[in-house]
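Please go over the structures that come below.
You will see two complexes here that share subunit A, one where it goes with subunit B and one where it goes with subunit C.
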Partner chain A sequence: MISKKVILTGSFGVGKTSIFNQFLFQKFSDKYLTTIGVKVNKKTVEAKGQEVSLLVWDIAGEVTQDKVPTSYFLGASGIIYVMDLSRPLTFEKLDSDIAYLEELLPGAAIKIVGNKKDLLSKEELLEAQQNISKKLDAITSAKTGENIPDLFLNLAEELV
Partner chain B sequence: MTLNRHKYNTRFHKHQIVLIDDKGRLFESCDSIFDSSEYIGLPLEDHFYFFESELVNFQKSAATKTKFEKVKVNFKSLPGYYDFVLSKIDVNGQNCVLWEIFDYTTIYNEYLIIQQLRNEISIIEQYVSKYQSSKKQDDDNFFQSNFRSTKNIKLSDLIKELEESKFDLFSSISVWIDKAYIEKGITELKECMSGLIDEINFFVQQLKASNYEEVNISDYVSSLIAKNNNDQTATIYSTSYAEGIPKKLFLDKKIIEKFIRILMMQGPGQEQLVEKSLRMAYEKSFEGIPFLVFNFKEQVESVSNLTSTSACILIKITILKSLVNMIGGTLKVKIDENEAYITTDLFFPLK
Partner chain C sequence: MTKGNHINDEERALERLKDILLKKDRAELEEIRSILHSQEKLTEKVKPILLDHFEFFKENFSHEYESIINELIDKKLKQSEQELLDLIYPSLGKMISKYVTLQMTTLKESIESTVKSKFSFGRSIKSFFTGVKESDLIIANANVSTVEEVYLIQRDSGILLASASNNESMDKDVVAGMLTAIKSFVEDAFNKDAQDLEMIEYGSYKIIIRSYYSFYIAMAISGALSSTEQNNLAENIDTFASNELKSFKGRYESSSAEISKLLEHQFIV
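What follows is the complex of A and B.
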């Protein structure tokens, strides 16, 4: 079986742990509980006819990625960069963060994700997308589970 | 003092050393934290997903040592928060890995409380800023999607939730938003939030510095009350001391000052004349642990509805509860039948 390390990163309160819990356990809680350091778990998915073990690292949110300990990123094949679509400050550092991650992990697959879709109206969603400097790979709702399995599946397919 | 110096210099921690052979199997361990006997000779990654990626990554890398801080893993024998250090070592010609585990669960749980408060305050500030720059400032529902509505909830219900730890800062801010944001509350809330961030940061610095000394408690508290009272002319204060409080106690003065400052904090809803009283007592728990008890009673309003005043008090109490829990104390809140007074009992542990 192929084993791939995937990092969930982004600013604090954007829903990384909710995405982690929704993907691994199909659970969601409305209550915000901050993460410190890193939580590690794994799930096996099938991508392109192969079983892929995704080792998911849910790391504490930081305002900029250069504040995250580099040891966490060691050997990562995939990065899921999460933003909160309802809080513009969480996508303000997108360009510099992605540039930093690309330099730190050349060749890693990076997915840019806008989360908390359920909090926005259609108009607000459109407005948020216009204010984000890069194209989103997925618009998710960890609350409803919308697009969460597809996000990991697409990433796994890219990694095999 | 940095978190690292705080961890390594001032707190007791457990330390375990585990030797992993060149096939990734657990070879030997000192078992100070967990009993490794059932894992000896077995590949660690089968029980411990962290190593499924990290052992290979580390062995492939040029580094001889790597450190992972604040790690929480799905391994039943390690239920807390740990620092892991991996080192490459040669044992009889075999390329082994030394895995060191440092148990910092207590200190990281403290850190978690502070980070939770800081992040919640920052997220709330971001929502408030977004609201202020929005063209839809007349939209009553702006915050409803992010904060729980408390329109039909009584103050006594919220106090009960707070007692049962079902209440957090977001909930207390919800009360504020429901009651105050439409009028003038937003600016005041922002000021209050940034003030609280300063208070919390100072509290953490002080906790790390941990400067205990012998204090004449009644003189010291009376001087603090007088100092804070100068800025709050619309408030009537009374202070009393129960019998049995030792004249001198071994305390960190700045921590006490921080609690009193937050307890006495006056919200925008308390600009009118309000009554507050502080009574101090000394108690011992069943296990014999001494506590200094701050019994703080403050007037709300003699109506059962929530007001911006009660919202302000709820924010304050929520913060205090987190801070006092962090130093091993507790907080109890009561509201009288007429919902005119809230009483906060803060149990401050003594050395």
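What follows is the complex of A and C.
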């Protein structure tokens, strides 16, 4: 079995912890318990007929990525960058954040995710997408679980 | 009165004579003055000379000034000796302590093997003659601490490479990841001179951490642990890392099962 380190990052309160909890336990809570430091979790998935153990580092949200201790990123193969579709402030730093991460971890697979889809109407969703400077790899809801398993499976496929 | 007039006349005559004789000189003086006082004119005159000098400088600088500059550098180095030492010392200290530790281990091993070959007829006699073993024996007998788990962990990613354990505890991959996160955090937050985190204490648990280039080894110990024991364990880990792991260089991940067995054999049973 192979192990891959994956980082869940983005601004605070965007739903990083909720996304992982939904993926791991198919559970969601309305309570907001902000992550302190890092929480490491594991889930094994099958990608291209191979068992992959994803070690997911769920890190405390920061307004810009350069505030995250760089050592947390070391050795990561994948990055999931999460934004809150209902809070435009959380996609303001997308371009500079991604540029920063690409430089820090050249060769890592990066997934750009818009979360909390359930809070937006169809029109609002379109508008939000227009205001986001990059194409989204996934539009998810940690509440309903929509598109969450696919997000991790797609990433795992890219990593093996 | 007359005398006064006479002098005046003479002065005037002299002045006229001067005018006549020095007219050319005065004009020249006037021109020089005007050059001196006009930046533009002065530049025009001086520039070619300076340029010549610069040219000379360019060609002969190192030759002409080498010794002076060397002296300056020497002086500067002497003045900043402290700063340089501050820069070099932390890593030097680490290198020395690692080297000494290794040498001590080797020395200890060679003493032990000498002792073994000379006094192989019984532990009591051995300890009687050397004294070394006796203290070791006392420590060994009083040993109430237990190595609970040993982890070999990839240094950057925190991915678990191999492990051995006394009891089936929680998910070892997650423990390895969290340990690495804590280690990164502490090293980032408090690290002024590039030291590695070497010890975590939690209740009666101690985690000894030994960091190497691409991996680190973490050992969780329960029970009382003397500083001698702690040092011995650290030494053992270092020796294990340099002797046993050498042959797996670059393929730790794929040799996980094999290394785990070695870890268990060496530290758990």
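The working rule: the second predicted complex is superposed on the first by the 160 of 160 C-alpha atoms of A that agree within 3 Å, B and C clash if a C-alpha of one lies under 4 Å from a C-alpha of the other, contacts with A are read in each partner's own complex, and residues count from 1 in each chain.
Here, a contact is a pair of C-beta atoms (placed from the backbone, for glycine too) under 8 Å apart; a residue touches a chain by one contact, two chains touch by 3 or more.
Note that the structure is predicted; figures quoted are calculated from it, not measured.
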> Putting subunit B and subunit C onto subunit A via the overlay, clash or fit?
Replying inline: clash
> Counting only touches as set out at the top, which of subunit B and subunit C does A:Leu55 meet: first, second, both, neither?
Replying inline: both
> After superposition on the shared chain, which partner residues are touched by A:Ile36: those of subunit B (first), subunit C (second), both, or neither?
Replying inline: first
>> Between subunit C and subunit B, which one touches more residues of subunit A when both complexes sit on the common chain A?
In response: B
>> Is A:Ser3 touching anything from subunit B or subunit C once the two structures are fitted on A? First, second, both or neither.
In response: both
> Which holds for A:Leu74: it touches subunit B only (first), subunit C only (second), both, or neither?
Replying inline: both
> If both complexes are laid over each other on chain A, which piece of subunit B (9-17, 117-125 or 243-251) hits subunit C?
Replying inline: 9-17
>> Just to be sure I follow: which residues of subunit A are touched by subunit B in one complex and then by subunit C in the other one?
In response: 3-5, 37-42, 53, 55, 69, 71-72, 74-75
>> For a test of understanding, state which residues of subunit A touch subunit C in their complex under the given definition.
In response: 2-5, 37-42, 53, 55, 57, 69-72, 74-77
> Tell me, which parts of subunit C touch subunit A in their complex?
Replying inline: 154-160, 171, 173-174, 177-178, 180-182, 184-185, 187-189, 253
> Which of the residues in subunit B come into contact with subunit A in the complex?
Replying inline: 49-50, 52-54, 56-58, 60-61, 66-74, 81, 108, 111-112, 115-116, 119-120, 122-123, 126-127, 130, 145-146, 168, 170
> subunit B touches which residues of subunit A in the complex?
Replying inline: 3-5, 12-13, 31-34, 36-42, 53, 55, 60-61, 69, 71-72, 74-75, 86-89, 119
